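Please read the structure below before turning to the comments.
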Amino acid sequence: MSEPLLEVRDLRTHFFTREGVVRAVDGVSLSVDRGRTLGLVGESGCGKSVTALSILGLIPKPPARIVGGEVLFRGRDLTTLSERELEDVRGKQIAMVFQDPMTSLNPTLTIETQLVETIRRHTDASRREASRRAVELLDEVGIPKPEARLGDYPHRLSGGMRQRVMIAIALSCEPDLLIADEPTTALDVTVQAQVLDLLDRLRREHDMAMIVITHDMGVIAEVADEVAVMYAGQIVEQASAAALFARPEHPYTEALLGALPQLEDHASRVGRLTAIPGRPPSLVEPPAGCRFAARCPYAGEPDGCAEHPPELRELRRGHFVRSEHPASERARPREGVSA
Amino acid sequence: MSSTPQEHGVGLAPLRQRKERRYPTPPDGVQTDAGAPIRASSLWRDAWYRYVRNRAAVIAGVAFLLLLAYCLIWPLVSPYDPYAVDFSQASESPSLAHPFGTDQFGRDLFTRTALGGRVSIGIGFAATFVILSIGVTYGAIAGFLGGFVDNGLMRVLDALYGLPYLPFAIIVLAIFGGGNFWTMVVALSIASWFTTARIVRGQVITLKENDYVRAAHAVGARWPRVLLRHLLPNTLGVLVIAVFLELPGVILGEAFLSFIGLGISPPDASWGSMAQDGYRAYRTAPHIIIVPSIAIAYLILCANFIADGLRDALDPRTRET
Amino acid sequence: MTRLIIRRVLWTVPVILLVILMTFLLMRQIEGNPFRHSERAIPASIQRNLEAKYGLDDPWYVQYVRYVRDVATFDLGPSLVLRNRDVNDIVREHFPPSLELGALAMLFALVFGIPLGLLAALRANKWPDYSAMVVANVGFAVPSFLVATLLIYFFAVRWGDIFDVPTSGWDTWQSKILPTIALGLGPMAYFARLTRGSVLETLQQDYIRTARAKGLRRRRVVVVHTLRNSLIPVVTAAGPILGFLITGSFVIEQIFAIPGIGRYYVTAVTARDYSVVMGLTVLLAMIVIVANMVVDILYGILDPRTREAR
């Protein structure tokens, strides 16, 4: 499996609005291998959802447009496909699960309709066969009494169940890649773990690749094999999950991990969470240099990372960083800080 | 090998070291994206800015004001007497001397339209005001008191919805024995306030349950204050929009009633009565009916665009298409 | 579902009673009665006899109850002004044209308005949208009497040789074209704008994005997912509009000389022909109520969420 299933190269998606051009995704490169899970993490507004939507060409076309880069899926560049060709890819080869299951399901159609229409779109199944398959899928995602649920409308189900239905829909045509955009954010904490377990199990059983998008490091820790950290429209660090948690390099990643409340250490329960002061930069006029510079404790060194944007470079095997001051290269503590 | 805290694994960093990591402190004042300070602005100022950016709404607003100015001022300065009959000038097409032409009685239409505008627009606003007054009171009481009272009032309202608007207006006019300004106002408003009542009730209920009302209570504010500072300003927006939404219906109602002879009747001028005059001569002098009709259409178009503009301006969540 | 329907139907009863009451009370406010204000001077003694005959000298609540009883048995009473004619006769003769006109206009408005709005929404902010909305706005703002007059002027007067379209009466199907357009243009424009707004709003919804992400063909997404949900506000508006079309068509009827009840209504009111006015008003009110009821039921069908809410 040397060829990655999905390879995104230098993707740029810009929104052309009245206030200016919003460079939501500005040079994102990542790859997912068959059967592996990539976690895409970052705070709200960093462009991770737009990246996912861009892969499938689902961005709202009037204001938004993919202005550069390639999205190679099984060797084909999805950005060059027509809408009709993309319709064949969506749901069949790449499926997507969205954040809020309440609004993501059509409230006026039954569960059965929403499942069956997907199945019949991509396969030759008859109505009866599709219905039967629908019941199988509902059972697989852990919904009790699936035959009874078929005739229900979305508002009759709980949040967790609705999300399971969405997952069932996504799986219905055996996709190679599943993109889950904040799959647990809108759910209760107790249900979150269940849904994550479900996703992981299904991925293994169907030998699917998965991209999980989230702002929650805990979710990453649970399911991701590889992690890409996004900030202000760019990937700032990418590594295997183990490596990222063990040795985060980028100052932003360090801050993200430092902001996690921890329960184990008594010392860490006393004191305050380190929040990162300031806000992400405007994506209409991004800063000339490193985009994290304004909030970075290591910025402004003589090498001027605030003026020249750092490139994404491979620090160690499989570990990429976009920073002039990755942790490994900070030999000396900063001036003025006692060791 | 550096000695950063993270070498020890996530979360096990000694507190001392974590505390000493320094982040750049923001300068005085709150920081925004590009570092510029935030300017405090009220809801109304925001709305104004948004409204002004909407080209159609601005044009409509200006057009509306121009119309009002025309109706108010022109009759005062016009060289023509809108009531003077002069058959030698009858039914003339628009010209420089008479920009809208003259009617069958030789009266200058440009002046009569302005005069008629006073009446029609006046009735429009007055009736709208009455509609809003009744509707707001009814809806506010129902929404505010809730429960049994609300239920009862809404049932009655459901029943009232069955009253046909125009026939009732006709009956009311017959009661008063004819149409003049005030009878028209009553006739047009009597069966049109139901929708407003329903909207206001819905608004009041939503706002009552709103979290910021609870928050206000939590800090000790009592109902009169809550009403004044929170509920009223938010309903105001809806009401302003409602004015411009009701206006076209009332204007058309007045036009129809006057057209069939029940409302304002000649020689008094309203756009509807002028249309009635013009109708009789449509074969030979179509401009006589066209002029007041265009005036009505003009007003309705302005009102629609203004209402749309206001709606977009006051509800920031309306997405741009 | 059937419970919903039954409840709605039952509710119409108190509504009708209320309508009768209000009309009744209002009519009583009009000074005089048909006999005192008749064009032919009637001697006072005969006036009294006539009043007694028609029961006009009884107290109002007695009259009211008697009237309600009559309505329940579909007896709308005799016309007080036109001898030898019952209100029922008048209704039977003149109501069908008005009803037909209203229905045709409604059909016209829906058939042309909804697709226009849909087209505008799907090509939002491009030329089809702009031109469609110009048409819609103009159609909405221009009063129907002008539309009617212009139609007559062009089709009958100017181009009378090319088009053989009658402009009065309601007998042949050609005679129904112009009035339908004149009456239906306004509502058509209204539906177009409403549909456009509703479709645009629906397109922003998350579930449309999901439908696209499933790879569904565009046509299915538009028709099954978007249109169904967008039509809900249109249906809600259609009820009152139908009521308005039927009850407010008197202007069009006058212009096109259509023998409908609109013209009758106005004359009856001015002549204080109580029974005709009462009968017609009750009838019109019932139309409005039925239209609203149908809308409510349709709404329940279109939006499953409301079925249990009540």
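Going in written order, the chains are labelled A, B and C, and every chain counts its residues from 1.
Going forward, a residue touches a chain if its C-beta (ideal position, glycine included) is under 8 Å from a C-beta of that chain, and two chains touch if they have at least 3 such contacts.
Being a predicted model, the structure only gives us computed values, none of them experimental.
*Asks:* Would you mind checking which chain's mean C-alpha position lies nearest the centre of all protein C-alpha atoms?
*Replies:* Smallest offset from the overall C-alpha mean is found for B.
*Asks:* Weigh A-C against B-C on C-beta contact pairs and write down the one with more.
*Replies:* B-C
*Asks:* Could you tell me the distance, in whole angstrom, between the mean C-alpha positions of subunit A and subunit B?
*Replies:* Computed value for the inter-centroid distance: 45 Å.
*Asks:* Which whole number of Å gives the spacing of the CA centres of subunit A and subunit C?
*Replies:* 54
*Asks:* Using mean CA coordinates as chain centres, what's the gap between subunit B and subunit C in Å?
*Replies:* Comparing mean C-alpha positions, subunit C is 25 Å from subunit B.
*Asks:* Spell out, as numbers or ranges, the residues of subunit B touching 2 or more other chains.
*Replies:* In subunit B, nothing touches at least two other chains.
*Asks:* Spell out, as numbers or ranges, the residues of subunit C touching 2 or more other chains.
*Replies:* 124-125
*Asks:* Which stretch or stretches of subunit B touch subunit C in the complex?
*Replies:* 158-168, 170-172, 174-175, 177, 248, 252, 255-256, 259-262, 275, 279, 282-283, 286, 289-290, 293-294, 296-298, 300-301, 304, 319, 321
*Asks:* Okay, in this complex, where on subunit C does subunit A touch?
*Replies:* Checking each residue of subunit C against subunit A gives 124-125, 205-207, 209-218, 220, 224-225, 228-229, 302-305.
*Asks:* How about subunit A: which of its residues touch subunit C in the complex?
*Replies:* 56, 58, 62, 83, 86-92, 95-96, 98, 100, 103-109, 117-118, 121-122, 153, 155, 166, 169
*Asks:* Which positions of subunit C touch subunit B when the two form their complex?
*Replies:* Interface residues on subunit C, with respect to subunit B: 11-12, 14-16, 18-19, 22-23, 26-27, 29-31, 124-125, 137-138, 140-143, 145-146, 149-150, 152-153, 157, 200, 204, 243-244, 247-248, 250-251, 254-255, 265-266, 269-270, 272, 277, 280-281, 284-285, 287-289, 292.
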